[in-house]
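Chain IDs A, B, C and D follow the sequence of writing; residue 1 opens each chain.
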Amino acid sequence: MSLLGDLLNTVFERRYAGASGDDSRPIDRLARDLLEAGDEMTELELARRILDRYGRMDDGERLAFFSFLADDCGIDTGELREALDRYEAEQGIRNYRALMAAAEPPRQELFRRLNRVPGATAKLVQMRGDLLRVTRDHPSLKRLDTDLRHLLRSWFNRGFLVLRPISWETPANVLEKIIHYEAVHAIHSWEDLRLRLEPPDRRCFAFFHPAMPDDPLIFVEVALTRGVPGAIDDLLTGTRKALQPGKADTAVFYSISNCQRGLAGISFGNSLIKQVVAELSAECPQLRTFVTLSPIPGLAVWMAEQGVTLTPEDDDAAARLPRIAARYLLGMEGQRPKDPVARFHLGNGAEIHDIHVAADLSESGRRQSHGVMVNYLYDPDRIARNLAGLAAGRPAASRRVQGLARQAEKKEPS
Amino acid sequence: MSLLGDLLNTVFERRYAGASGDDSRPIDRLARDLLEAGDEMTELELARRILDRYGRMDDGERLAFFSFLADDCGIDTGELREALDRYEAEQGIRNYRALMAAAEPPRQELFRRLNRVPGATAKLVQMRGDLLRVTRDHPSLKRLDTDLRHLLRSWFNRGFLVLRPISWETPANVLEKIIHYEAVHAIHSWEDLRLRLEPPDRRCFAFFHPAMPDDPLIFVEVALTRGVPGAIDDLLTGTRKALQPGKADTAVFYSISNCQRGLAGISFGNSLIKQVVAELSAECPQLRTFVTLSPIPGLAVWMAEQGVTLTPEDDDAAARLPRIAARYLLGMEGQRPKDPVARFHLGNGAEIHDIHVAADLSESGRRQSHGVMVNYLYDPDRIARNLAGLAAGRPAASRRVQGLARQAEKKEPS
Amino acid sequence: MSLLGDLLNTVFERRYAGASGDDSRPIDRLARDLLEAGDEMTELELARRILDRYGRMDDGERLAFFSFLADDCGIDTGELREALDRYEAEQGIRNYRALMAAAEPPRQELFRRLNRVPGATAKLVQMRGDLLRVTRDHPSLKRLDTDLRHLLRSWFNRGFLVLRPISWETPANVLEKIIHYEAVHAIHSWEDLRLRLEPPDRRCFAFFHPAMPDDPLIFVEVALTRGVPGAIDDLLTGTRKALQPGKADTAVFYSISNCQRGLAGISFGNSLIKQVVAELSAECPQLRTFVTLSPIPGLAVWMAEQGVTLTPEDDDAAARLPRIAARYLLGMEGQRPKDPVARFHLGNGAEIHDIHVAADLSESGRRQSHGVMVNYLYDPDRIARNLAGLAAGRPAASRRVQGLARQAEKKEPS
Amino acid sequence: MSLLGDLLNTVFERRYAGASGDDSRPIDRLARDLLEAGDEMTELELARRILDRYGRMDDGERLAFFSFLADDCGIDTGELREALDRYEAEQGIRNYRALMAAAEPPRQELFRRLNRVPGATAKLVQMRGDLLRVTRDHPSLKRLDTDLRHLLRSWFNRGFLVLRPISWETPANVLEKIIHYEAVHAIHSWEDLRLRLEPPDRRCFAFFHPAMPDDPLIFVEVALTRGVPGAIDDLLTGTRKALQPGKADTAVFYSISNCQRGLAGISFGNSLIKQVVAELSAECPQLRTFVTLSPIPGLAVWMAEQGVTLTPEDDDAAARLPRIAARYLLGMEGQRPKDPVARFHLGNGAEIHDIHVAADLSESGRRQSHGVMVNYLYDPDRIARNLAGLAAGRPAASRRVQGLARQAEKKEPS
């Protein structure tokens, strides 16, 4: 692809644009020219230059470019009002087209033209990642972000995504991204990676976009087990004996990682889990249970807010921590779950299945949740009911977890 | 893919939606529900049903559905005006988001949700094809078409297209589409197709979208030759001896066909030609000339309008037809070229290179242009100049063609 | 690959061999040089020349080349005897190697050296096909054929073969070979081919050798049905309605064709059928019956030999033909089955399942077997028993077929 | 594939063979049965058992199995003599076939039958590797090795090998084998591997056999450079700046590793180098020089034998070591080169191009050759002449190297 890009460049654009690499026009000038150019080759060459230029910018220059996009390539409200007036007066197709044109900020077309360059999609995703890093300090850029997210959400429509298994036979340039992007239980080395991919009772799946074929968007790591596991080390240890896949009855989703900061706010996880359930059901029809083994990232902070100082070392931790965690996860009736991971899985229609102490004794596991972990269960037959319950403010949970929460109400000081 | 679709269906959606296949809600009800649904699985199931339902509709039902989309899923101008007022009063991010939401007709989101179903992209393209067939008689649907084209243009952005060679080693299910879509010189049989693909001096390339991997968007057929050919039969005859590609100096683009009626108004041809030039230049560095052998579809009608009744059988046809064709193609200074094929190639930066009589003696060749054909030349070094000339109302042409046009002015009664 | 072959040629061999294309050495000289050459590049260039030269030979020249290989590249019995004497005197490794070298005709090494040229394997297979055509008239060439078959059998070892499904998505250059090689029920056109590949209840599988990736060795066409069919037209007609594969209970192997005349005597059919049964069982676990619908090519001739003149038009044909066919197929106890197709399937462990009149009313079906066809059943649980029976001279057959054969003994004049 | 193997097993063989996994027949009994079995499924099941059994054997059991193959599955000389007598008496085809059958040890057919099991080829290669480890102590096994090598040489004929580039985009399960098999300059980690594969001025190519698609047979690592390098660290260091491939004029083959001990004595290196030269010439036409940077593994030992005690630390090492190395590499006129690497490259038609001191200062480089390395040059135009010179006892060398050798004669005490 890059070869071809180079060729096209050589054969057409460079010659045509009549320009050497040291075009000294500022990037906002190039961007305006791109919006106004009339022919494809000029546009392609301008787009390439803008992306190249952007790639070499420092943070200050990027901020300036974002400000240009936010301030000078947005909606012209006066024009929009005029177009609206005319369209309300006469709803002909010309007036409709003029209204639609006025209603879309020109930066949308700019991004679409940039995207024509081979490899541009990944660069636009990175650009949004850069943008997100600065919007906190520069809220005026949020309009720009709103537009860019809108465009990326359209382009990364689920219908365009491809689910691919990730295995030890996957190319190394993809695998190194799995190592890099793993966000839940860090992968420390290639040998560590191999333990998650090569054994016959391990699976991994990722969504890819065809325009970014080497760069996963999101991936999930799965362990095939007998029974629902209650501790992450049982899954990650290198000394365990692998299970024959045909003997597993449970698929455990033990790590889900989003890869592209630039796609924040565009959700793939729900689709991924459900498509992976379908894949695994086809491959291993004897699987009965689809469950996560998930962290509870907000538990420790919430306990601190509540004034509970219990740690796994305390004598009554094994009894009390599950009750506390159950109450935290189930939350107050009528409120959204506080925990972000709970919000995600409950929002997908899962239910809180079980809670385990001493389940993640890593440094981060202790810090976040005093080592407690939770299983969320995906039962296709109950997803609709679970969602309806959630909408009514009653997150779904197993009897055991409900019991724990009730005990918490009685026994835990609050 | 379809297997997976079925599985997903089985595992989740059917169960979840709790609905059998004979959902009796009308399609507009389903569409409204889809726009208002809150969770992905419901949305996916609703989207699938709408597409299935649409696939079984007759023309009248489709028209009704289109009218619903045009009339009930469009911009609410009152809401837009309010949002605009609020945004002008206070340009915060909330007001901006509200404005952007009000400025986009809800049918855009509807189409995006439909697209999540595996295989939906091709169905939406077909839907627009259906729509285009009725907009002439129902101009109120043009707003709908404007929006759908806008969305498809964004999705079929050149950055997402893949160029693939088409050869005798291409799967049959793709090749049958080449036979079906060929629009310039009909392919009468698989043996006929083989003559265009298998000889070493023949090439074919097509653009594909990843979501429609078996369905080309546009393709071009190429002959590698020594010298610029002047008659289509020289290229298509089955009795010629193939040239070793290394001995060719010229690549002749003798047929370009758009495949998807539903993508009308979204242009791929210019990109295709230029990318194919780059591919061929890499494969056969000794190629010097990239040229078309093109029909002149509007010539005969224009001659009739001008009162010229010359046919190839007339004694002076060989002398006069080229002059007439040159004048027709070059047109009046300052006007856009009348001929649609000329408009396409000149608009891409090509120039009129040569004109040939008795070049296409097929029934359609005689009917359209009295057998005259034209070569358009793509010279990377002159594309910029040619486009500048065209913008100034002076289409580019070789000396010979310019001479023919001048002769026409002198010798042809006008 | 051919590009690379050319390159290698250009870069090394041509230069090195110091020879232009018009090497005037006779082919037997080239062959001797190839056997005696000491370095790889010379050998490769000589091998290429021999294959090129062979490819341009007429029948007479080929016969002369075969005679050279048969007479001048065979075992030297004197040398073999000496080597044997020495080895019997002293069984050291040197003497063993010398014995093995003397025991293998030099043409084996010649063929192995020829095979190093890219694409040579297919040419050697064709060469054996050419050879087989002339061995009848030239029995002295049979020794050459013995050796070539021995080598090809080793190279086409089942462990090297690849089973690939053939479908409407298979490249056209492979599909045209399916059309060409179909030996049982001719495929008359691409549309005819499509009827056998595209419907969801049709399958086709072929064995390929990696060195001949576009050229199948053998293929089988399969229909998925409900129940065992009794007439070929029910399967081949274009007007039938396709069955959902999940609803089929039977897989019918209705055509098996060997493709390479040059691999005669090297059997792939048994492996193919059993591997296809395994594939289909994995894809459609609900399949219960694996059965053929087969011709009886020797029936009519045998009936004529027996003086039976019955044809389907006779009133009692429907009653008598199955009895006669059963007796023919079951044969005399203790004798090998007379019919070649019966011999193949019974030898694979199948059993005669049923016999149908008016089952193949094509011209060849009437001529060969008065329209009678037979089902051979592959039941994995009975293959061992069937083979043991066959070895004992009792071919396996269903009760019904055994009954028909008994009736024949009583009722048919013999 | 393994899935299919399992299926076949399940569907047919296990059932058919009527045998559970705990077949207690000794392996030599299984082997005899395999040679005498009459039907394919029995043969396949027996072959699978033998390979499984072999895979679980300890060294003593393997030795016993090898002895059985060597002693009990060899040529029957009495039978061979009889067959020879009969064939000399009457050279009919029957007698020829009987002679050929008697002249081939039955273990050859045994190996061919074993090879039919999916995945067997790799196991037979490993078996020969095991065999080679014990032949030194058990010379009577050399006959077995002679036969197995003969068979493997036929199966691993160059015409069946596939050249594949190895890059950072190659699957990890192949790359780990590159790390494992690298025999010249050890690869210490995945990051180390990346340095050899990912930079744009690095290449790697391997030969594969289609029956062992994940297991390379031999590979070569290449650096694209400007000029001929004189030290290995310049190539391997991670801190260098990568060259644009289009600016390189030289391809340096700096590491060639054979991967399969079981294919010892079957040479792939010559073909590999020449095919890689062809590939690189096609990709980078501006490359002018194809050269190695090679170790001199025998230099230090030879120097010790000669009584030369020079080490790189000595003052005159820089002047004397090249002279000594030149004399060692060129050797005595009329003798084969002593150094195994020199023998390989000179035998391929290369010439000694240059000699460098302090070129490999790794522990093994100092030990083997006091840090000296050598470039062998592959010049297609001179390969024939070089080989002719070598055959005449005069290895090819550049003027500079010849000069060094002459100086050595004058100045070095010998």
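Here is the rule we go by: a residue touches a chain if its C-beta (ideal position, glycine included) is under 8 Å from a C-beta of that chain, and two chains touch if they have at least 3 such contacts.
Chain labels with UniProt names: A, B, C, D = Malonyl-CoA decarboxylase.
Note that this is a predicted model, so its numbers are computed, not measured.
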Distance in touch steps, counted as few as possible, from chain B (Malonyl-CoA decarboxylase) out to chain D (Malonyl-CoA decarboxylase): 2
Furthest chain, CA centroid comparison against chain C (Malonyl-CoA decarboxylase): A
Centroid distance [mean C-alpha coordinates] between chain D (Malonyl-CoA decarboxylase) and chain A (Malonyl-CoA decarboxylase), Å: 48
Distance between the centres, which are taken as Cα means, of chain C (Malonyl-CoA decarboxylase) and chain A (Malonyl-CoA decarboxylase), whole angstrom: 54
Rounded Å distance, chain C (Malonyl-CoA decarboxylase) centre to chain D (Malonyl-CoA decarboxylase) centre (Cα mean): 35
Multi-chain contact sites of chain A (Malonyl-CoA decarboxylase), meaning residues that touch two or more partners: none
Chain pairs that touch, as defined at the top of this document: A-B, A-D, B-C, C-D
Chain D (Malonyl-CoA decarboxylase) residues touching chain A (Malonyl-CoA decarboxylase) - in the complex, by the definition given at the top: 168-173, 175, 190, 194, 198, 214
Residues of chain D (Malonyl-CoA decarboxylase) touching chain C (Malonyl-CoA decarboxylase) in the complex: 3-4, 7-8, 11-12, 15-18, 38-42, 75, 77, 80-81, 84, 87-88, 93, 96-97, 99-100, 103-104, 112, 115-118, 120-121, 139, 142-143, 146-147, 150-151, 153-155, 157-160, 162-163, 210-211, 270-271, 274-275, 277-279, 281-282, 347-349, 380-381, 383-384, 387, 391
